[in-house]
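Look at the two complexes coming up: subunit A is in both, with subunit B in one and subunit C in the other.
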Partner chain A sequence: MAEAEEPLFVGLSDISISQDIPIGGEITIPMRSHTQEFDSSTLNESVRNTIMHDLKAVGKKFMHVLYSRKSNTLLRDWDLWGPLILCVTLALMLQRGTVDGEKDGGPQFAEVFVIVWFGAVTITLNSKLLGGNISFFQSLCVLGYCILPLIVAMMICRLVLLAGPGPVNFMIWLFVVAVMFAWSVIASTAFLADSQPPNHKILAVYPVFQFYFVISWMILTFTPQ
Partner chain B sequence: MAAVDELAFHEFEEAANLLVETPHAATTCRSDQLTSQDHVAVTVGSSVGYGAEEVEEEGDKTALLQEEKPQPGFWTFGYYQSFFDVDTAQVLDRIKGSLLPWPGHNFVRHHLRNRPDLYGPFWICATLAFVLAVTGNLTLVLAQRRDPSIHYSPQFHKVTVAGITIYCYAWLVPLALWGFLRWRQGARERIGPYTFLETVCVYGYSLFVFIPTVVLWLIPVSWLQWLFGALALTLSAAGLVFTLWPVVREDTRLVAAALLSAVVLLHALLAVGCKLYFFQPLPLERVVPSLQAASLPPNILLPPTQPHPMATS
Partner chain C sequence: MKQALVDDTEDVSLDFCNEEELAFSKAKIRHPLATFFHLFFRVSAIVVYVCCDWFSRSFVGCFITVLLLLAFDFWSVKNVTGRLMVGLRWWNQIDEDGKSHWIFEARKVSESPTAATEAEARIFWLGLVVCPGIWTAFFFSTLFSLKLKWLALVIAGISLQAANLYGYILCKMGGESDISKVAASFLSQTVFQTASTDDPQKPGLDVLELRQH
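After this line comes the complex of A and B, so read on.
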């Protein structure tokens, strides 16, 4: 056996690396990092560029919410501009022109703000206390962006109301709000439920359901002046 | 879930029959697989694959049986996280327990079992507050459809009122009760009173029965509303009384009777107050002809202004 193997090992001592094989190379930093240095200092670019950049990011996230794809953009590049814009829009649209009784009107601007932001903070705290591994601002971002379907419902409802009151219009209004409410809940659940362990999923999702239900009810009870 | 079944715990403090009630709870009692606590801890760490708090939960139990684990201070996040350490199944079980009070069935001992949670009371109160406001508004909408002269408005301020009332009741009354029981218990060293969180849990879960009741109050039949209200009040107050009875019966009869009747009375005040404020008695159809004759507001719900002739959608 040994004699059969010996010829195999004989040539080992003859192996040597020829000087002709080029093993050198170049280590260069690619051009991309050069531009990254410029990107991080947005102070140098014009204000218009910065605003357009942010608006594009917000618009991209709106698309992600509307088409409910399971992408991580909302979580990775979270921002609070979108939720702020949506909350202000919602509060403005829920305003009534003149209120006949001080206490009998719809939600005031500040009440809508308080409900949306304190509701989102409470749900986020609840989610974190239940052991979710989503960060505080990521969760606020997701909850804020998922109000978008309800804003769309509000706009449709105002258009429907322009056509005049009536039971058919009210049925359309109810249907639209119900569909958008379901869309909001499903869109936000897709992000938030994944961050929870399986035995806490329903516990974490129920407050979200309640949050969007309250906003839907505020939209449903809206009566224009 | 097979991994959970493999875990073997030996409960030293609770009777085995209590464990039978919750098959999905984190603990199972198998006397044939008695292992040392260290081995159990190692098993937990390797077999349970999801949820850090699941591991913490089992680790807490084994640590309790081994030694006194230092409690995190109340200013840390971890302290409050320990009160949200419940499964969906446990919360549902506690809700069921509050819906069906039984004379010997102590809610704290049978359902809470030294693990009070803050999730149930907090979200039940929130749900009740919003359901009250929403159904109160819906009642007004339905009434206006039957009687167009009633002035409809969203009445959003009722949400605020509902929220403040329910939360104050569900947190301040247990505080007072707990304080009172502690003061009375100071005189004798018998059965220990419940902790503050357990009292809050009892009150919070006992309010759950009002949620379907409030929804049923949409039916505009007056005697039916009072019937549902009385039923809900009975269930809720019975749960409270059965839970408080073991603690209170050690005391003098006068104090026990006074305490229990105060608890029931406050509960009744809450129920009746909510009914009257959010679902104020609205006129039935037969009152409508008299409305056209008189120009007075049809019910006490309206502020004392002229009824508006406009019809809102």
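After this line comes the complex of A and C, so read on.
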């Protein structure tokens, strides 16, 4: 057995590694999964923990959209609660019309919903077809959370409207909406553009621009009756 | 006299479990709260959708109520009732390369006192399968009666409930990635079982029944 091994290892002493060759590498450790208590005996305790964990995650993501440009939280721990809440809030605030009977703002409400979700899905499909390596739900999550600045704009606009119509108020309104629109676009492209190859960046970013433009336009043309 | 009957070296079993645990492990439904909520959100979403004209004339209120019920149902079935009632769990994980993985986990059959019972499993699967069917029926009725403003809600309902159904089916299948094989084996088992009720003397059917559990 030793004789059979010797020819294999005979040339080892001749090998030398020069100083110039960098030796390095990466060890990727698979991400630790959410450790929910699988064998928990008390239902209430574990449900409360899960709910608090999810609520905190959603709150953290709102903060990340408003205050920091690039964060991994929005991308890695995606969730669709935030987009749902924001979409419902936006649709509620954009309602117009009388409350009684058929004309209770029904069509506008469903319209906003369809525009937001269908638009987000379309942008995601476009991004994936262009070769982006972001997953479907991650993209929906980012687009949904980045509607937050426009919601803030909507709230400010309603306050401005309470002060009554007039050219000065309208200029304030326009300025606020424009600033928030720019904020939304910049926040979302910071995430989405990175996942695209360089020659497709503009192609991927333009639909996002259009999406937020449509929402801003809906906010700008809002007139309560 | 009694002492003559009972030998000193004979083992006497001492019951260390207390009464509560015994009652818990013998109960037909070990997680009543989870079972209740599993069915509550789904059924109340359907009920509110059907009876919305009686509760209030507002489209928006009804829409938001049904949507929130559907969302809570999705979250509770995915995160809570699945792992408690049938020991299955599925989720999405994104690793450091940005690749997304869907992970399906099934708990091995164990005799621990908190494991799920058959009745719970039956209720779980019944609720999981019947409700998407009902929402599909609503989809067609909405489409053909041209009440298109409800279509968005019905589509949301179908997609949320079908997602849970699909996720749990994949968990249940475990290593089997070919769904046609699983369907074929399930059909053959049910056919043999119905045949066995007619002819109890057929050999080998006990093996099939054991496998199904």
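What to note about this one:
What we mean here is this: the second predicted complex is superposed on the first by the 165 of 225 C-alpha atoms of A that agree within 3 Å, B and C clash if a C-alpha of one lies under 4 Å from a C-alpha of the other, contacts with A are read in each partner's own complex, and residues count from 1 in each chain.
In this section, a residue touches a chain if its C-beta (ideal position, glycine included) is under 8 Å from a C-beta of that chain, and two chains touch if they have at least 3 such contacts.
On a predicted model such as this, the values are computed, not experimentally measured, just so you know.
Of the two partner chains placed by superposition, only subunit B is touched by A:210; subunit C is not. Shared-chain residue A:149: touches no atom of subunit B or subunit C.
In the superposition on chain A, contact is made by A:92 with subunit C only, not with subunit B. In the superposed pair of complexes, A:131 makes contact with subunit B only, with no contact to subunit C. After overlaying the two complexes on the shared chain, residue contacts for A:197 are found with subunit B alone; subunit C is out of touch.
Touch criterion not met for A:83: it reaches neither subunit B nor subunit C.
According to the touch criterion, the shared surface of subunit A, contacted by subunit B in one complex and subunit C in the other, consists of residues 100-101, 104-107.
Across the complex, subunit B is touched by residues 100-101, 103-108, 111, 126, 128-131, 161, 165-166, 169-170, 197-203, 206-207, 210, 213-214, 217-218, 221-223 of subunit A. Contact residues of subunit C toward subunit A in the complex are 31, 33-34, 57-60, 63-64, 67, 71, 75, 79-80, 83-84, 89, 91-100, 103, 107, 112, 114, 149, 152.
The touching residues of subunit B, counted against subunit A in their complex, run 50-54, 77, 80-81, 83-84, 86-89, 91, 119, 122-123, 126-127, 130, 134, 137, 152-157, 160, 303, 305, 308, 311-313. Put simply, subunit A touches subunit C in their complex at residues 28-31, 33-34, 36, 38-39, 41, 43-44, 46-47, 50, 54, 75-76, 78, 81, 84, 88, 92, 95, 99-101, 104-107, 109-110, 113-114, 133-135, 137-138, 195.
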